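Below, each structure is written out as structure tokens.
Here come two complexes built around chain A, the first alongside chain B, the second alongside chain C.
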Partner chain A sequence: MAEVNETDQTPNLGDSTTPSQPKPEQITTTNVAVPIPDVGPQLQVVVDEFILKNGSSDEEVRTAARNDLRDFIEREEIGITTLLVVVKYAHEFKNADLLDAFCERVADLIKDKKVVGVREIFGIVNDFTPEEEHALRDEHPWAFED
Partner chain B sequence: MEGHANSTDNDADQIQLPIQNCVITDSTNQHSKDDDQNQTPTQNHLEFQVIAPPYSNQGSPSSGSSFLGLDDTFTYDIHNAPDSDSLLYEILSRLPLKSLFRLKCVCKHWQTLISQRSFSRFYISRMITSNTASSSLPFRILYRYICESEPEDVLNRFRSESYNSSGLYLSREEHKAIKFKVLGVSNGLILCCSLGPLVYHVCNPVTRQWVTLAKSAKTQNFFAEGFVSRVNEDNVVTGYTVVRQEMLTSLTDYLRLEIFSSETGEWVVYRVPCPFQIGFPKRGAGPICFKGVLHWFVNDHGMVAFDPYKDPKSCRLIQLPADRDVQSEVTHDGLYRLCDACLGKLRLFQVAPDASSFYCFSMWDMKDYDKGEWCSEFKVTRSDLSSSDPELESWLMKATFLPLSFHPFDLDIVYLRCVELACLVSYNIQNRQLDVACKPTGAIDDLSWRVVVPLVIPTWPTPVPIPPVKVVIPEVGPLRVFNG
Partner chain C sequence: MDTNLVSREDYITDLPESIIETILTKLPLRDAVRTSVLSSKWRYTWTTLTELRFDDDCCISDAHHRALPETGLVKFVNQFLLLHNGPITRFTLSSEYLERCPYVDQWLLFLSRKDVQELSFGLAETEWFKAPSCLFSCKKLIALELVRCELDPPLHFKGFPNLKRLNLQQISIAPDAVETLISSCTLLESLTLSYFEGAKLTVRAPNLTYLMLEGYFKDICLENTPMLVVVSIAMYMAEAYQSSSCNFDKVLGGVPSIQRLTGHSYFAKYMSIGNTLGKIQPTYRQLKIIDLYQVSFDDMTEIMVILRLILSAPNLQTIQIEGSSWSTDPLDLDFWDKECPRDATFAQLKVVKLTQISGLPHEMRFIEFLLGNSPALEVMDVTKNVYETDEDEDMFMEILAFERASDDVEFMFAEDQV
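For the complex of A and B:
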């Protein structure tokens, strides 16, 4: 049985804070299960397991849980549609760590994409005129280098 | 070897996906699978957003939508979700600045959202709070002297993409002439100067904006320059000043300053009287900036503090902690004493040059700035230290350490140079552990706090205020006519 380190971690609602790491104030992590009705059972199982392990008072278990989740998402190449579904429910149930893992993955998938590619992914119609888009590019030329 | 997720669950009757029934989105190239030889090339690395295909409820062969396990006409429309902006905030705030600003072009809604003040605040605060302990915000301990001769190349040295993952990187080219020197960093802007002749420039490493300042009349003497900028509530720089202090070799009752303001575009000379006679160390280094006030080190008294934005112009002497090793400070010209602003604290870290000294590392924090009162945080002996690196561990009792810089976001870390092992080490104040942080390339024999500056890539791009330029109409001399 792992030793409980009483000085640092209080058995709690999954708040994985060390003294020097303040949490973003808009969302709090809870240990509540996040049902995701629109995704298949396999992903639900993985998410449930993550939430369970993330609530542990042992930092190593939590770190392993986060890494496992990240590895799973990457390995299975989960599509953005599914990722966004989980993001939506993680946000609704205020699970910051779950939200973080999935948002990070979405951001990772779009960060190197061209503007056109991102529009396709999100199903967005371009509502700029060519002149407007050109002017916007001129405003921040450094963002369009390379 | 794991195949696609679908192959573990479903039968083999859904291998091929008729392409014409799908909307194919961009490939996620960075996580390629290497077991797809038998499948059609279009199926490799592609992510299908299935709109209206005639499939069974077992899902399609694509790895993404097999997890949907639902009626295949489902598409999650992030824009019609009730909390869509909140979700966009969460996703966009995790993008690097360059991607973020590029994606302003996606649509007007995204442009508006990203340009909102509330978004930039969210972005900045998320960067700071989520990274403080994990230290993954890019930074570099920059060697001040740069051998590049063109602004473009100098800017390339500041690029965050070239930082390695540990955040610490130091290199120095030998046998090349030094062309630029980094003088100071403030609110995301860098003050540097080109040498021979001396010209000052202010630049933004993210937007690559480069502003050259008007020349001052004086160019010969030895100066130590300080850089202070002011920001408004959106973290946009509204103005900056450069303060040059003439490093006189003899004792003086006055500070001889020359101040450039981005608001006027001009250099103005000031003589500011000092409460005591002061003398500057032989090997002067630039001032440190704490709470917008510049502090130059002076012999015997500690520091002389000057606020360029305060009128009337005055200066104040601040003593360094009385229980520090003054003797070594004098002998080594302050080489073993690191004093700098760190996350809102004024901190002093001293290393004993002699391995036989009782205490090896000592640290003080300024507790009351107005009164100039310090508080001793700790003193540790060499036997208190430990290291996970065996070679470093074997040297702990006898190595020479020179302090270099505090970690820009972690109050528990101090960077030092280990002379004998020719590497940079990090010292963790909490567990008293020393670890090898990086092995710099190039010669590092002059590596000390004087020649490095911590460079943090700004969390939000800010334009460089451009000083007004005085238009001088040159005197027209006699006309000369050239024949032929």
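For the complex of A and C:
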């Protein structure tokens, strides 16, 4: 499968015009357990259970599994690092539903936050000069109106 | 703040691009665009999003500014599309404020060149948007949803070759044009027409599995729809019923695989045209759920439609009927003793749910018939209309006294104050 290389993820408009490699096909979620290093045993258990239930042919079981996972993630306030580790491994093991659930959580942490807040949460270093940042914000004033 | 919730190191920026896109796709576009300022590596990540949704939440500015084409949503979309890079697979534009303007046509032209696969357009109510001809050159379309739109397919238009889902709501289109549109999209699986004012419609769609029709229909014919599984029809035209050529066989004559049938408003009335109890072909082996609204038990012909349906569905599991009956002075009451097939068995019928029942003679006979012929029945749920001066408690007692073929029926009774 076309796995996007880690080095490939900085689209640079000035550079090649070919779009990035085609996304890895969204294969139907596998039921294979995703052994994730560096996460606590509790989360591993929850993830394994999710994968198992999500493989059910009964739609109600699958929906319940997704809701349970979502509730767990919110309740336990899973740390950023852990969230991203799971996201990365779900991607690698091509488990679309698991990836989806955790990406949803990451998105929730970005939603409605000021840029400064997002940088803080994710440890992103701002390498723009104040002028550059100002110019960028002016490009899309509506996005930055608060 | 819990240190867990803050990361000292940046693990997100260098994730594979497809993961970043998955995350950004779950954000409202405003938040996605804001990520451009996070750091230089994030500057253009949002520009390769392939699924875009523009709606009134994209720009929270005051109502005055929002309505002006130069500001607000229009400007946002224009700038976004200008900077966008790469294919767009899904595009949604939904605004109650945005009226028709030249930009909208330009956006559609832009999208037609981006191989868009799923398109959803819904603008303000004031003036319907006339779809430009470039819409019809979006050859890669798999799903199309249009709200409040004038459609005038060009003469040479041969259909959307990949279209599987079509949803047209409050659309103005010539009757022949909509029929041709449907039949020329040979892969069509799901069709929804709502607030439709076309009166007459013939559907030819060999791959169609889901059909929802709602509007002022007078004549519906499902001419070539052998794969239909779910059918939902609402017919609002009362007056034209007398002159209609619509009937049971034209609508339900060619749907052998149907699993779920829903009929609203005057549906039962239209189905009754030309119907007799003798006809119990075709058989609907897959039909499991029948859901009918505003059925008049005063009208013998409508009762016969229901009976024909349930007698031709050997695997029926659920019947839901909302009544709409007034007459305490019924005609043809002896039908139930003379013509109704008393030895019929509804072997799989498990759930019966009746609402807006008044305890009228035909209604009671119908309930009696079902109770007496459904050996697997588990639930008989009846909701009664109660009028202010009504003191009649006997209806539920009478039902309980009916002979029942199933020992395990759970009766659920309720009253609705009218």
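Miscellaneous remarks
FYI, the second predicted complex is superposed on the first by the 118 of 146 C-alpha atoms of A that agree within 3 Å, B and C clash if a C-alpha of one lies under 4 Å from a C-alpha of the other, contacts with A are read in each partner's own complex, and residues count from 1 in each chain.
To be clear about the criterion, contacts are C-beta pairs under 8 Å (C-beta built on N, C-alpha and C of every residue); 3 or more make two chains touch, one makes a residue touch a chain.
All values derive from a computational prediction rather than experimental measurement.
In the superposition on chain A, A:G117 contacts chain B only, with no contact to chain C.
Of the two partner chains, chain B is the only one that A:L43 touches; chain C does not reach it. When the two structures are aligned on the shared chain, A:A135 is found in touch with neither chain B nor chain C. In the superposed pair of complexes, A:N126 makes contact with chain B and with chain C alike. Residues 20, 23-24, 77-82, 84-85, 87-88, 91, 99, 103-104, 106-107, 110-113, 115, 118-128, 133, 136-137, 140, 142-145 of chain A lie at the contact with chain B in one complex and at the contact with chain C in the other. Looking at the complex, you find that chain B touches chain A at residues 2, 5, 9, 23, 25-26, 28, 31, 33, 45, 47-49, 59, 62-70, 74-79, 81, 83, 86-87, 90-92, 94-108, 110-111, 125-126, 129-130, 132-134, 206-208, 410-412, 461. Chain A contributes residues 18, 20-24, 38-43, 74-82, 84-85, 87-88, 91-92, 99, 103-104, 106-107, 109-113, 115, 117-128, 133, 136-137, 140, 142-145 to its touches with chain B in the complex. If you check the complex, the residues on chain C that touch chain A are 2, 4-24, 26-31, 33-45, 47-48, 58-61, 72, 75-76, 79-80, 83, 85-87.
Those residues of chain A that touch chain C in the complex are listed here as 3-6, 8-13, 19-20, 23-24, 77-82, 84-85, 87-88, 91, 99-100, 103-104, 106-107, 110-113, 115, 118-128, 133, 136-137, 139-140, 142-145.
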